[in-house]
Structure formats: structure tokens, C-alpha cells
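In the two complexes below, chain A is the common chain; its partner is chain B in one and chain C in the other.
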Partner chain A sequence: MFAYITRRVLVSIPLLAVALYLVFIGVSLTTDPRADFYLCLPRCQDGFDRITEVYNLDTNVWLRPFIWFGEALTGDLGESTTIGQPVTEVLRTRGWNTAMIAVPAFLVSAIFALLLSVYSARHQYTFGDYFFTGLAFVGLAFPSFVLALVIQNIFGVQFQNWFGVKPFNTGRKTGTNFLELLRDITLPAMSLAILFISADSRFGRASMLETLNQDYIRTARAKGISERSVVWKHALRNALIPLVTLWALNFSALLSGSVVTESIFSWPGLGPAFITGLQASDLDLVLGIVLLTGSIVVVFNLIADVLYGVLDPRIRLN
Partner chain B sequence: MADTSEATEIATEELRDAEVHGPRDHGNPEQAPLFSAGEVEGLTEKPKSFGRLTWEKFIRHRLALVGLVGLLVIVAAFFIAPYFSNYAFDQRNVRDRLVGPSWDHPFGTDEIGRDLFVRTAQGGRYSMRIGLMAAVIATVIGTLFGAVAAYFGRWVDVAISQLINLVLVVPALLILAVFALYFGRDANRLALVLALLLWTRIARVVRGVVLSIKEADYVMAARAAGASHGRIIGRHVLPNVIGAVVVEVTLLVGTVIVLESTLSFLGLGVQRPNASLGTLVADAKGSIATDPVRVLMPGFFIVLIVLCINFIGDGLRDALDPKAKVEGGKFDSKKAAKKRRKDGAKAGGIDGRTRGSALTVGGGRLTGSVEQGSNSTPGAP
Partner chain C sequence: MTYSNGSTPPPLLAVDDLSVGFHNREGVVRAVSNVSFEINPGEVLAVVGESGSGKSVTALALMQLHPRNTEITGDVIFDGMDLLSMEDEEMRSIRGRDIAMIFQDPMTAMNPVFSVGDQIVESIVLHSDINKKEAWNKAVDLLASVGVPEPKRRASQYPHEYSGGMRQRAMIAMAIANDPKLLIADEPTTALDVTVQAQVMEVLYEVQEQTGSAMMLITHDLGLVAGAADRVQVMYASRLMETGGVDDVFYRSRNPYTRALLDSIPDLETVKETLNSIPGNPPSLAHPPPGCAFAPRCSMAIPDCAEGVPDLVALDEPGHASRCIRTADIEVAVEATV
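Here is the complex of A and B:
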């Protein structure tokens, strides 16, 4: 197991490096941080030279990423021009903000998906099952921005006193006290959770159904074990195996920040920072965020695979 | 399907044509059954082709039929709508700015007086065109890479798996933004870039299926009989993959439409004056408090289209599941068998996201870090 994890981590590092290299090249080739300076060139030679120096623009494009790698290894990810802070600082605050809606959204979606899948599997082809399956279908068809706008319109606009809606402004400070914070978190977390509940509950229902049809469940029932124990102990534990790996991946997706939902609800998380950095060709910020989200994806994929092996001993990791 | 094709590899050509009604006969309409329906009345019936069997099962699936009809209606409406309007999609009419729904403008107008009814229809066509194109391109790339990776294995497999991981680690938005700046943003290029992002899921699914087929006895039999790589892939492997691929493509069209509308919403997709359903929502989102209908109408169409597509995909999955044929009403009543069959199909691989992983694990391998599928793209949720 330890050897497997070590090997996977070692494989992931060059993968991340290649990804960052390609991102660097891609952004460098399509944007020019000196764009504003060309028009005024003889007069603003000083600024032009300073930007050239900061971004190492006199070095070959294909070699420039290595300078960034060297600095990144010492813990220096550069300075974000759009936010005006060191990138490490931006990642810390923004990552924390993203986690504040990612964790509740994840917990809510996991709990609801679990309950719904157990309910639907136990009451297969009843009205309740059809109802929730239909809801899941509709939820799956919603693009995140439509769902967020609908939720914002219903709970933010029609009931203004419940959750105030803020203008499209990503720099807003998070709430000063716990209740205000909770009020701000609720809507974005809810719209993210709904998307994940829709996907997970259909998956969980199928997994639970498959488990309930297994021979060992019939055996357990034949032995006279109570239905509650059969469902919640014998069946659920096995049905959870594929669901747990799915959750690990969901959590990584949530932690990476969601551009759309966070932007619509003016939440100062990683998503809006990424999109503004991209539009302003803030190279250091973009690279920093790719490094963070890429690491999250890699780590949680590893966790998902390891969990799969731990929960289901029939699967051998090698 | 599987056992019949094993037998036929040894059998003679004539016997094969007469006996096998598997997927491989699809596209061979003039096959002669041993007994035609006319010869022995009531004893035998004309064998149905794989395509026909699938179609019959498909239209018995109520939701799938609803989805198909719904989608056809929407598409037809998108194409016919402009003929009922006096306006072009980019025609400005400043005197009629922001008017509400009326006979002249069924969905109202936007800030510069363009008719939203025509723009919604145009946007819908644009979205669907991009969705279809990107899905087809992604399928071609994905099927090719997945089949090659699984069939040849070893370093080819490792290389392609790492390529897939790379696509998953780099945020989709970034790739799209960079490509858009480099190549421009018309529909064809947008579809191409979206396809370059989305082929990975199909590749994983195909890889999983091919891995399991590769070890099947009938492939070994074919190899023993001296069949070439090309013949094995074309006659034995691909027909078995098609079922899984068809389902994935259908669902992929929905995914692309959602992704494209999200990109357009963020300003990274379709450029004005062209409209897609995503840009229409983005254009109107500032006035959601005063005029929610203008914002939600295009969004409603996205949801409707994707819903129909997902229904169709679900029906296809059930119809194409080969297990359904074997189980069909052996002991139980027909209805119970149908229910059981449906669940079997669903348990086999429900949500597209985990489908690849289920198959990969079934194939006995768990390599590559992002096997389980991932929605690593910030912006997707």
C-alpha cells in the first residue's frame, strides 16, 4: 500500500509539472503583459523595462517556465497584479473562502444523496421513487449558472429579507459574525449541493439496488435479521463503496472552486480569482491556482483509489 | 452476442449468415434465414436485425420516447420560428428596446431592441450545432485513443492514460480561454476545442470495454484462426463497443451544451452578435430582479434540451444492453423481467462519471491516477 501511494505521488509530480509548463507557455504565447506600454514607448521606457524584468520577458519563452519553477520551489509564487497581493497569500485567503462553501455543500449533498438513494432503492417503482428520480433528472439538466440564477431570484430577490443579494462584486469581505456568514454561505452552498445531490442520488440508488439483490442480503433476511439492520448495516456498507470514491472526487471538484456559482453569488473564492486572473492575463495568479487545484485533483484521485482498495479488499492496488 | 460470435469464427460463411442475429449482421439486410416466414407458417419468424431490436426496445421505453419527441419538437421549433417573425436575429430596433412579450415580439426584446424570440431560436440552433459537432469529434478521438490504449496495452496504454490525466489536471476554462485567443471563437473552432477537452471520458469507457473484450474467448479463437489485428478490431471488438459509445455520445451532447452555455455565460464562448442560449442568459442576467422571464427563458430551453437528451441516453442504455436480451422473460412475468432488466442495465453503469471506473475495475486493473473520472474543471459545477 505504502509503495503504491509513493509511486502514485511520484508519477503525479511530473504530470503537474508538465501541466504547469503547458499553462505557462499557453498563457505567455497568447498574452503580453507589456501590451499597454507599446503605445507610449519612448516616454515610459522605465516601466517597460521593469515589466520585462519582472516577467523575464527577455528570456526565451520555452525556458521561462523553468525560472518560475525555480522560484516556486523556494515557496515564492510571485505577485498577483490584479489583486495586488503575493499569490501565496491570495491562495490562502481565497482557498479558505472556497472551502467555507465547499465543505457545507459537500456534507449536505452527501447526506441527502445517501438518504435519497436508500429511500429510492427500498421503495423502487413507487411514487416516491419516481418523484425523486425525476427530480434528479431535472437537476442533472440544469447548468450551474441557470440553477444559481434561479435560486438567487427565488430566495434572494423575491424574499429579500431572508438572504440579501449583493452586486456582482467578488472582492466583498465575508461576514463579520457567524450568523451573517451563515446567511452568505447558504445560497451558494445550496446551489452547489443540489447539482451534486442529483448526480449522486441516481448513482447511489443503482448501487443500493444492486446490493439489495445480492445473495448475502437474502441470506441475512432468511436468518431473520430485522429489515432495518439488513438495510442500514449489511446492504449500506457495501453499497457505499462506489459512492465513497465518488464523494472523494466530488470534494476535490468543490474544493477547486466553482467559477460560475461563486461569481454569481459574489463569493470571493478561488473561482472568481481564476477568471479575473485569466482575463487580465495575470500569469502568476493563474499558475498558482492551477498548481493548487491540480494538486487537489491529483491528491483526491489518489484518495479515491486508495479508499476503493481499503473498502473493497477484492480490489488489489498495484 | 458474445457466444454466438465465438461459434461463427469456426463455422462456415453460409452458416454464419443464416444463424447469427448478433450486432454484426447489422448492415447486412439481404441475409437469408434457413427457413423464411412463408415456408413454415407460424413456426419461425423472420430474424430481426440488431438495429431493429434496439429500436423496438427503445420505443417501448416511455421516457426515451418522450425525450425523442420533445427534442424533435424543440429542434423543429428552432428551425421554423424565424419564418414566423418579421425580424432577423441581429436586427436592432432602438425604438422597441426592452419591450415585454407581445404578438410582434413573443419573448420581448433586449437592450438594443433585438427580437428575443428569433434570438432564442438562433441561439438554440447554435448551441445544438456546437453540441453535436463537439460530441462527434470527441467520440472519434476518444474511441480511437481508448481502443488503441486497451488493445495494444503496455507503454501505449501508459502514454494515453497520462495524456488523459493531463487534460483532467489543467482547468478546462484555461484551455478554452487560451485556445479561443489563439484560434478565434466561431462555432467550428469552439466545438473542436470542447471536443479536445471531452474525449477523455469516452476514451476511458472504450478502454474499459476493450480491455474486457480483449480477453474474451472468441477473440482468442479469432486470433487462433489467423485473423489480423484489423479484422479482430473491426469485426469483434468495435461492434461490442458501439453500444457503450452510442450512449456516451448521446449524453455527451447534453454535456457539451451545458459546458458551451456556461462558457458563453462567462464570455469565453460564442461571441456577439451571434447568440447561444448561454450568451442570452448572460446578456439578461443584470435585470433578473426586474425581468426574470428574460433571463430564465433561454435557461429553461437549455434545461429542456438537456433533459430530453438525457432521457434518450437512458433509453438507449437500456435498449442496447445485451444482458437484457438473455434475461427477457425467462421465469417471471414480462413486466417483472422488464423491471429487473432495467435495473441490471442501470447498475452496470449509471452515472457517466463513474461508468469508466466501474468498467476499469471490472477489467481487473486500477492504474492511472484519474481513472475514476473527475470533474476537475473549475467552472463545470
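Here is the complex of A and C:
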């Protein structure tokens, strides 16, 4: 097991480096912080040169990421021009805010998706199965911006005193009292969770159905094992193996911030910051967020790989 | 088998008029039709037939492991208990303890995420009061008794680390863990290499002899049966075609289907140009032919064969019965060829 984890970690490091390098090239080629200056060029040559120097724009684009990495290793991710703070500070506050809705959204969606998967698989083609299938398709069919608006309208506007609608506040969402915080995160977390429950419960149902039809489930029943143990011990562990990948991807997507949902609920997370940064060619902010979210994706894939090994001896022992 | 006072003991398993039907869009597919048989304590009953003849479905129905959309009628009395009217919980206490089952494909019949030892321990702990540690030691002993080498080390290995033959041995160990009164082996060697088949059958017969349990051996391979079964029953298209002592069925068969099956066994002593096979395919159980289901493929069929399903008629030898309207003619044919 230890050797397996070590191997996975060692593979992750170059993976992260290559992924980040390619993303940086992409961002560098598409984002030019001097865009506004080209129109006034001879007149604003000073500003143009200053920005060229700050972002090392006269360096070859293939080498630029290395300069950025060098500075990043010393803890300097540059300064965000749109927010007016060091990028590290922006990442800290915004990342924390995003996590505050991402973690509950993930936990709720994982638990509900699992329960619905098991229910639907065990009651295949019954009314309950069709009901939840229909509900899942409705959830999937709703674009996230519509869903978020509907939820905001129902729970934030029609029933004002429940959750309310908040003005945008760029500060860190802590320090307030717990109940207030809970009220603030409920609606955005719910919007995100509904989307993931819809997708995951379909996937989980298929995985659970396939597992329940395996020969070893019949063997378990032939041993006289109770139905609960057959489902929650023998079947679940096998059915979870494909779900773990999905969950790792989901969680890393949630932690990377949701542009639409966070914007609609005026939630100062990574999503709105990323959009603002892109629109304003705030190169250091965009690169900083990409570094953070890229690392999250790689780390969660690593966690998924380790969980695979824990769940499945065939993977662990090969 | 007779007691000292001359009365015969009650059978361990008495199946009376068992029918199993699956519901599907076209209606009900009868996979087992009016099957009756008995198994005595310690006896080996072989159930022989082609794929789809209803032999596995019979076994699953006995264990109440049939799929949900299944209709079962008839009586199954095991050790004085009526299995078909039993509550789930009661049935679970019988499964794995009194009746254990060995399945066809050992590659898929074991849970890949639990060690072989754990899977045997689970069965032991479920049906007895001993603790996990004692159960583990028992599991190791069981693996040793079915010929798994280095049982201590192998017990903590996972199914994918076992070869097919070893896995089937482990399945046998799991099945005999609670000294069942009846062992149902559903095509236990079909998925194995030919070279391993004989070894596994040997282990199976050995443990059956040691534990003294009765065995219902389901197979399509008559050759497996000859040496070790006490009685044989031949199934075709959901019905019993012939039933009797192993010698009666092998040497005095009075049923054209059984004889066709026997003829299709390759014979090493007389070199033949081609292998004999039965022409045609088994009928659809959703739309069975009128009359005898084997008639369309039968070399002895006469027009009367299509008129109603023949009865299973008792013959001279005790326990020997055949379902064929030309039983009398077959006797003549046998004597003529001898």
C-alpha cells in the first residue's frame, strides 16, 4: 500500500508541472495585459513599457512560465490589478469563501447521490425509481444559472425572512456568527448540490445495478447473508470504485469555484474573481487561480487513486 | 437405505410438482414444469441436461435465490420444513448452513474486494457462535482440506490471486464450512480447464463423502456423473425426461433423449469418424411445441408424439422412470443392438 501511494505521488508531481506549464502558455497567449495600451501607443509608451517589464512580456512565451514559477516558489504570485491586493491574499480569502460552500455542497451531494443510487438500484423500475429518475433529469436539464435564479427567487425573494438576497461583499466570510453564515451558504450550496446529485445518482444507480447483478452477490445471498449486508457491504464497496473518480472530479470542480452560482448569489469566491481577472487581463490573478485550481485537481486525482487502492485489492497489489 | 425396523427414513429433500415461471413481455416462460424428485441423506443425485433445460433454475428455486419476477408453485420439503412458504429470515438461516451452493464460474463467484479467508469466515461466523479468530483458523483448515497449498498464506490472499481451479476449491471450502446437509453444485467444473476439472470433481466427491452430506450435482456432462452419482435425472425443456439409478440410466436407458446424450459422448475405444450430436436446438420455452418437447429432434418420433405431453412412467427397476410413449419399443431396440 505504501509503495502504491509513493508511486502515485511521484507520478503526480511531473503531471502537475506539465499541466500547469501548458495552461500558462495558453493563458499567456490569450491574455495580454497591454491590450488597452495598443490604441494609445505612442502617447502611453511609458505605461506600456512598465507593464511589459512587470509581466516579463519581452521574454519568449515558452520561457515565461519558468520566471513565474521561480517567483511563485518564493511565495510571490504578484499583485492583482483588479482587486488591488497581492494574489496570495486574494487566493486565501476567495479560496476560503469558495470552500465554505463547496465542502457542504459536496458532502450533501455525495450522501444524497449514494442513498438515491442504492434506493433506485434496489427498486429498479418501480414508481420510486422512476420518480427519482425523473427528478434527476429535471435537475440535469436545468442550466445552472436558471436553477440558481429559481432557488434564489423562491427562497430569497418570495420568503424574504428565510435567506434574503445579499449584496456583493468581497471580504472574507468568516467572523460573523455561525447561524448567519449558515443562512448565507445554504442557497448557493443547495444550488450546486442539486446539480451534482442529479448527475451522480444516475451514475451511481448504474454502478450499483451492475454490481447487484454480479455472481458474487448471488454467492453472498447463498451464504445466508442478510439483504442489508449484501447491499451495504458486498455490493457497495464494489459499486463505489467507479464513483470515487467522479467524486474526486466533482469535489475539485467545486473547490475551484463556480462562476455562475457564486456570481448569482453574490458570493465572493474564486469563480467571480477568475471572470473579473480574465476580463481585465489581470494576468497574475488568472495565473494564481489556475495554479490553485490545477493543484486541487491533481491532488484530488491523487486522493482518488489512493482510495481506489484502499477499495480494490486488484489495483493495490498490481 | 433401511432402518433396523425395516422402515425407510424420510427423504432429506422432497420436491413435489415444482414449476417455475418467469414473467416477461410475452407472458410466462416456464423454465421448470411439474418436476418431482427426492434426495435422501448422504445421496448424490446428478441432474443432467442441456443449457436452458431448467436444471439451474430448479436449484435456485430450492434456495429461493430466483429473480424477483418469478412464479413458483409446488412443494419443496427440506428436512421437514416447507421452503417455499418460509419467511426470508428463516430461509437465510438455512442458506449456507443446511443447504450450501457451489456455482459455475469461480472467476466471478467470489467478491473481488474481500480476501478468500474473510469470505469463508463470514459464512462460518454467520451460522455459528465461534469468534472471528477461531473461524479464521477453521477457514485455513478448510482450505487445507480441499487441497489449497500453503493455506495459511493463501487465506489472506484475494480471489484474483487464485487460479480458476484453486478458486473453485475455495468455493467448495466455503460451501462445506458449516457442514451442510445438502450441497448443491451447479456445473462446478464447466468454467474450468479440462485438466483441472477432474481434480476439482475429486475434491468435491471427497468432501461429500467425508461430511456425509447429500449432493445435488447439476451438469451437462454425463461423463462426470458416471463414477460417483447414486441416481441420475435427465432434464429437457423444463421437464424430467428420465430418472433412475445411475446404472439404470447409463446401461438400461429407456428414453430416446438420454440415449442421444449418451451417444454423443466421445468414446476413446472405438474410433469414430465424426462426433455424434443431436440435430437441432432445444425448443423455446415461451412457445413449447405441442406434445413431447424432444419429438422434433428425436430419431424415434412418430406422429403420436405431438399429441400431448407423455407421462413420466415407472419402469421395472425401482425408481426408474421415463417420459416417452415409445418406451416399450426402446427396450426392443436395446436388446436388438446388444
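The working rule: the second predicted complex is superposed on the first by the 235 of 318 C-alpha atoms of A that agree within 3 Å, B and C clash if a C-alpha of one lies under 4 Å from a C-alpha of the other, contacts with A are read in each partner's own complex, and residues count from 1 in each chain.
As a working rule, a residue touches a chain if its C-beta (ideal position, glycine included) is under 8 Å from a C-beta of that chain, and two chains touch if they have at least 3 such contacts.
What you see is a predicted model, and the numbers here were worked out from it, not measured in a lab.
Of the two partner chains, chain B is the only one that A:261 touches; chain C does not reach it.
Contact with chain C, but none with chain B, is seen for A:216 once the two complexes are overlaid on the shared chain. Of the two partner chains placed by superposition, A:60 touches none, neither chain B nor chain C.
In the superposed pair of complexes, A:225 makes contact with chain C only, with no contact to chain B.
In the superposition on chain A, no contact is made by A:74 with either chain B or chain C.
For chain A, the partner that touches more of its residues is B, with chain B and chain C as the two candidates. Once chain A of one complex is fitted onto chain A of the other, the partner contacts of A:16 are limited to chain B, with no touch recorded for chain C. Within chain A, the residues touching chain B in one complex and chain C in the other are 317. Across the interface of their complex, chain C is touched by residues 214-216, 218-227, 234, 237-238, 311-314, 317 of chain A. For chain B in complex with chain A, the residues that touch the partner chain are 162, 165-166, 168-171, 173-175, 177-178, 181-182, 254, 258, 261-262, 265-266, 278, 281, 285, 288-289, 292, 295-296, 299-300, 302-304, 306-307, 310-311, 339, 343, 346-347, 350-351, 353-354, 357-358, 361, 366, 369-381. Against chain B, in their complex, chain A makes its touches with residues 8, 11-12, 15-16, 18-19, 22-23, 26-27, 29-31, 124-125, 137-138, 140-146, 149-150, 152-153, 157, 165, 192, 195-196, 199, 202-203, 205-207, 209-210, 213, 242, 245-246, 249-250, 252-254, 256-261, 263-264, 270-271, 274-275, 278-279, 286, 289-290, 293-294, 297-298, 301-302, 304-305, 308-309, 315-318. Every residue of chain C that touches chain A in the complex is listed here, in rising order: 63, 65, 88, 92-97, 100-101, 103, 105, 108-115, 122-123, 126-127, 158, 160-161, 171, 174.
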